[in-house]
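Read from first to last, the chains carry the letters A, B, C and D; within each, the first residue is number 1.
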Amino acid sequence: MSTIPVGLVGVTGYTGMELARILSNHPSMKLVRVTSRAEAGKTLADIYPFLYGMELGALEITAPDVDDLEKNCRLVFLAVPHKTAMNIGGELYDRGVKVVDLSADFRIRDRETYEEWYKVDHTREDLLTKAVYGLPEFYRDKVREASLVANPGCYPTSAIVGLTPALAEGLIETDDIVIDSKSGASGAGRGAKVGSLFCEVADSFRAYGLTTHRHTPEIEQELSVAAGKDLTVSFNTHLLPIDRGILSTIYTKMKNGVTAEDVRSTYEKAYAAEQMIRVLPEGVLPETRWVRGTMFCDVGLVPDPRTGRLIILAAIDNLCRGASGQAVANANLMLGLDETEGLRMAPMMP
Amino acid sequence: MSTIPVGLVGVTGYTGMELARILSNHPSMKLVRVTSRAEAGKTLADIYPFLYGMELGALEITAPDVDDLEKNCRLVFLAVPHKTAMNIGGELYDRGVKVVDLSADFRIRDRETYEEWYKVDHTREDLLTKAVYGLPEFYRDKVREASLVANPGCYPTSAIVGLTPALAEGLIETDDIVIDSKSGASGAGRGAKVGSLFCEVADSFRAYGLTTHRHTPEIEQELSVAAGKDLTVSFNTHLLPIDRGILSTIYTKMKNGVTAEDVRSTYEKAYAAEQMIRVLPEGVLPETRWVRGTMFCDVGLVPDPRTGRLIILAAIDNLCRGASGQAVANANLMLGLDETEGLRMAPMMP
Amino acid sequence: MSTIPVGLVGVTGYTGMELARILSNHPSMKLVRVTSRAEAGKTLADIYPFLYGMELGALEITAPDVDDLEKNCRLVFLAVPHKTAMNIGGELYDRGVKVVDLSADFRIRDRETYEEWYKVDHTREDLLTKAVYGLPEFYRDKVREASLVANPGCYPTSAIVGLTPALAEGLIETDDIVIDSKSGASGAGRGAKVGSLFCEVADSFRAYGLTTHRHTPEIEQELSVAAGKDLTVSFNTHLLPIDRGILSTIYTKMKNGVTAEDVRSTYEKAYAAEQMIRVLPEGVLPETRWVRGTMFCDVGLVPDPRTGRLIILAAIDNLCRGASGQAVANANLMLGLDETEGLRMAPMMP
Amino acid sequence: MSTIPVGLVGVTGYTGMELARILSNHPSMKLVRVTSRAEAGKTLADIYPFLYGMELGALEITAPDVDDLEKNCRLVFLAVPHKTAMNIGGELYDRGVKVVDLSADFRIRDRETYEEWYKVDHTREDLLTKAVYGLPEFYRDKVREASLVANPGCYPTSAIVGLTPALAEGLIETDDIVIDSKSGASGAGRGAKVGSLFCEVADSFRAYGLTTHRHTPEIEQELSVAAGKDLTVSFNTHLLPIDRGILSTIYTKMKNGVTAEDVRSTYEKAYAAEQMIRVLPEGVLPETRWVRGTMFCDVGLVPDPRTGRLIILAAIDNLCRGASGQAVANANLMLGLDETEGLRMAPMMP
């Protein structure tokens, strides 16, 4: 078995750490370049002591260099902020290097929408039609052919997996959707901010970014595809005192005549063939720890005849399924490997 | 200053512990009886070592005895499960002892509704019209005259404070209300259950009791009063890996023409005179730690013109404002003391 | 009752927050000045939203100004870094304003030792003999007369309270003392550092600063006083994933012939009159939560005949007893008030 | 590649859950029997919903039956309490089934010592000489030949790995060793006890079982082997508010003339060939999260010339290296597989 050389641009954050964890055990992909302007010259283990004694720990960090990446990598993961990703991703694309971009730069197909929510100009509008939105369950075939994949946001992954079957089958009203999401603190990144300190997050709970979160247009874009019509959702986020995990509680109105059985059979059928989505049995509700460290998106279904609502719960690990793990799944597809290669981890409990 | 002797029936749970904390510093009320069949004969400090060296720690636990309570206490707090509370509360009432009942037994004014949700017969229907629902901001005058107060549930306190002004002033639709609540683990009580173990709660997050939580009829009862018409809400709960704190994120639809200014002025006016409710300034969202250990209910308001919704956030400490602190506020009123006597604690941060 | 006006220099850290919590309920002391160069012009509630609706929240922050402090405050608390404290503390002292300094600048009586461990020159050596080490149990009378009090470090408070009776009575060897201390994350301050992020501290545990912690000379200074001879200890620290609390596990060798009864009677006698030290009964070991938010230092005693050791456990709340609460106790003494005025809080459980 | 059928007796605790996690990805070993008297008839996923959708989740739980285990398993893991393990382990041994016992029943080679600390009679003294203590780094060759392996305790694993080189090379005094250990809450098991509740463990820290922990004789037995003479240690334990992880801080006295270089070179040489022990570089101290979910034992070395002490830190994951992972390593050896097969996981960070 030959191994495929890949690179990672931007190694110092939690998504970089998670990618290192996953790739350290990947059977067919080998991380041969990791770049960081600030840390160049050090080994990975110097900045991530948890990698001491592992082969990957000895890898030297280099400054980002497109020539070098082109020469040595068949595919490059980008774990850099939006705007930066657009530029380096565009350059790599131009040279024929496959790219999985973990930023938001190529997720929004409409340039104006992107610019409105992200407050920057998009300098590579030409690539917006070429980039594939990398949610494998819905774009698997396109990802296989893609040179540039926009890796989905963490919250959107949970919301889109949670809502798509109900919208696609017309079980719910499209004008009354509320997505109440809660995320662990790793979602805020590894930057040194007072608001992310242990003593500001532990033993507390708060909402943030209500009505203005940048994942909103991404969610609406994909749900509109599912519904076959443009829709608007109320998407709102909260900060959990946990490391990893997203739970989205999604409130919808069932259309007249839709039964609990309709709901269950629709979801079970929609995801019957999916290894990485688990529609939990009736009465079982997802917990973030059940997906910790894994690619699973767990879906719980609670029809409520008393109020005519359908409550959908969707849980993922924001760093694995919501970022680096999904990036590896996309890379697997782009490189002709099995989608879940290196990704069949069991959850860590407790 | 003379002190008023009071008693506590049911001392082994978290609400009992919180009542002990509060009363250990109350200027006018003195805990002279604490009862527990299982722990009778021990001192309070024997079962709560955190009370060593405090006067209250030396108090001996006795078996519950209505004669003894009648003779020695002007008011008794009941921190026992529902059904048990009904019986002992009724007996104390009959003997003229004032009662603050922390259980649900006297909260629901309609017997059938109570029996349907709690699955037990109500044996003291005669008291349902005599009991006053002890949310001081709305029933202050009645509490002052009451002999029996039904202390509100923790979740309902947050939901009712959060929604009442909007309903009373007709700012929102009454048929599209979703209350997404999250509570710390002390809300599950101090019983030894696997689901409450540290390793089952920490570093995780889950929903529970969706669509079936027993606080639903209590919330609907009080919100119907506020709205002036019967209404139904979707009320759903989640378990946070924190000790104390509830945050309810409440989703509503604004009526046509209602503006953000209407919302803010309505709430500021409604609660202008309230010391224990804080309507936070625009752009500031509540955090559970800001109310930790206090009587505050913090309210945040987020109108969303894009979706026509008004999101209301309400945060309380479930043990203090949501249980024992509110019980003391009610006792203060019933005993002719200042409502917030002994309750003006600042939050503990961090 | 007249209130005494006091000031706080340096308001943005956790010790400032804790001082605000305590003084917001102090019967005789009133905070009239809070200073911060960076936040001047804002109100306290602007930076500490948990103070909204409280009188103290409306206090305006000013830039530090010695003239203004002299004119308006009878006593000033310094919650600024060492070296800064030395200067402003010296100036205030010179003008006759009483000072409680929470930094290390006046704790070490030997200038050379200070300079060796803190790596800065001491510019006010003249005050080293005037400053009183503010551990009330041991220096109460001197504190009453003092104009400048060096408020003890958090770790030293636990270690000195824990070891002094055994050393003073000669129960243990002086050359074989190990202090293994563990502290909550608030001890690291509110600075934005990667190492203090939630995701770097939660669900983990680590040692830090082994053999080199700056509290070492402070501990050795006071233990040498207790023992009547110079001694050296091995003092080592760890970071707990909790907000508040220090537990020091102290390993000593009992002298020949010393019995468990000797140990217990020595400690009970030594601390019999102390309200804020609790020698726990045999078999009961301290827990950090039992002292959360309080002035208690809880002491547990475990003689081990099998190894000839005496293990002493000492627990405090690092922000209250280990910093701001102890500062208020010292201020009480300096202002002629009762030592524990405003400080008789019960622990918050859970 | 053929797979080897193995069984697990006692599936409901955290070690059972961890074994399921590890074996769900093991290339050569397959779990074909899981037993629990209480849960017989259910599938594994019924009691562990995190296994839904995984092959192992469909495995049916059976009542323990030695005949059935003999017929279907080449090796059986015992995750049952001590005393129970002795009996069923003995029966399986008698029938020629290989056994890895995670209880303490076969760890102590001296029957009297076992009975003194565990307060039960040992009914299979005949097996005490046959059982091999399964710390692979020290007993690898014997484990390969063994039919019955006593899987080491979690604390002892950290203490023995941490101290053996220093004792074996005579770097430290043997009569002055203090092991101050801290463990995550999963070490207390999954039983429903008040002391293990979230609200009793979170945001707190406490010592427990001082001077009397049952792992003491196990540690002393193995350290005496390393030192070549009988020794006694002071071993003491604390409860951390984390799920997994043990950090032992070990205090020793260096012999005269021993240098920091001696210490480092001794440890690096001793463990140079070990894949699962990492002697961290100078100045780097272990953190429990760096070994989370892995087999690593991380060792940090801090010589302190000022006090003449050597402080040794050793960190493991108590469920993986300290229990189920080590059990699989032993099973690997007993079954002729590579010692680390299925065990080369990278740590989960954060």
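Operating definition for what follows: a residue touches a chain if its C-beta (ideal position, glycine included) is under 8 Å from a C-beta of that chain, and two chains touch if they have at least 3 such contacts.
This is a predicted model, so every value here is computed, not measured.
Q: I want to confirm something about chain B and chain C. Since they are copies of the same sequence, is their interface symmetric in residue numbering (over half shared, so same) or not (under half, so different)?
A: Homomeric contact, same residues on both sides for the most part.
Q: Can you give the rotation angle that fits chain B onto its twin chain D by Cα atoms, in degrees and rounded to the nearest 5?
A: For the C-alpha superposition of chain B onto chain D, the angle is 180 degrees.
Q: Counting in whole Å, what is the centre-to-centre distance of chain B and chain D, each centre being its mean C-alpha position?
A: Here chain B and chain D have centroids separated by 46 Å.
Q: Roughly how far is chain B from chain C, centre to centre by C-alpha average, rounded to an integer in Å?
A: 36
Q: Approximately how many whole Å separate the CA-defined centres of chain A and chain B?
A: 39
Q: Got the chain A residues that touch at least 2 other chains?
A: Those would be 14, 186, 199-200, 202-203, 241-244, 287, 289, 292, 350.
Q: Which residues of chain B touch chain A in the complex?
A: Result: residues 176, 178, 180, 182, 184, 199-200, 202-208, 210-211, 232-234, 236, 238, 240-243, 245, 247, 249, 251, 285-289, 292, 300, 302, 304, 306-307, 309, 311, 313, 350 of chain B touch chain A.
Q: Per the contact definition, I'd like the list of chain B residues that touch chain D in the complex.
A: Against chain D, chain B makes touches at 14, 185-186, 190, 192-194, 196-203, 241-243.
Q: Inside the complex, what are the residues of chain A that reach chain D?
A: Listed in rising order, the residues of chain A that touch chain D are 14, 17-18, 20-21, 24-25, 48-54, 56, 186, 202-203, 243-244, 275, 278, 280-281, 284, 287, 289-293, 296, 298, 344-350.
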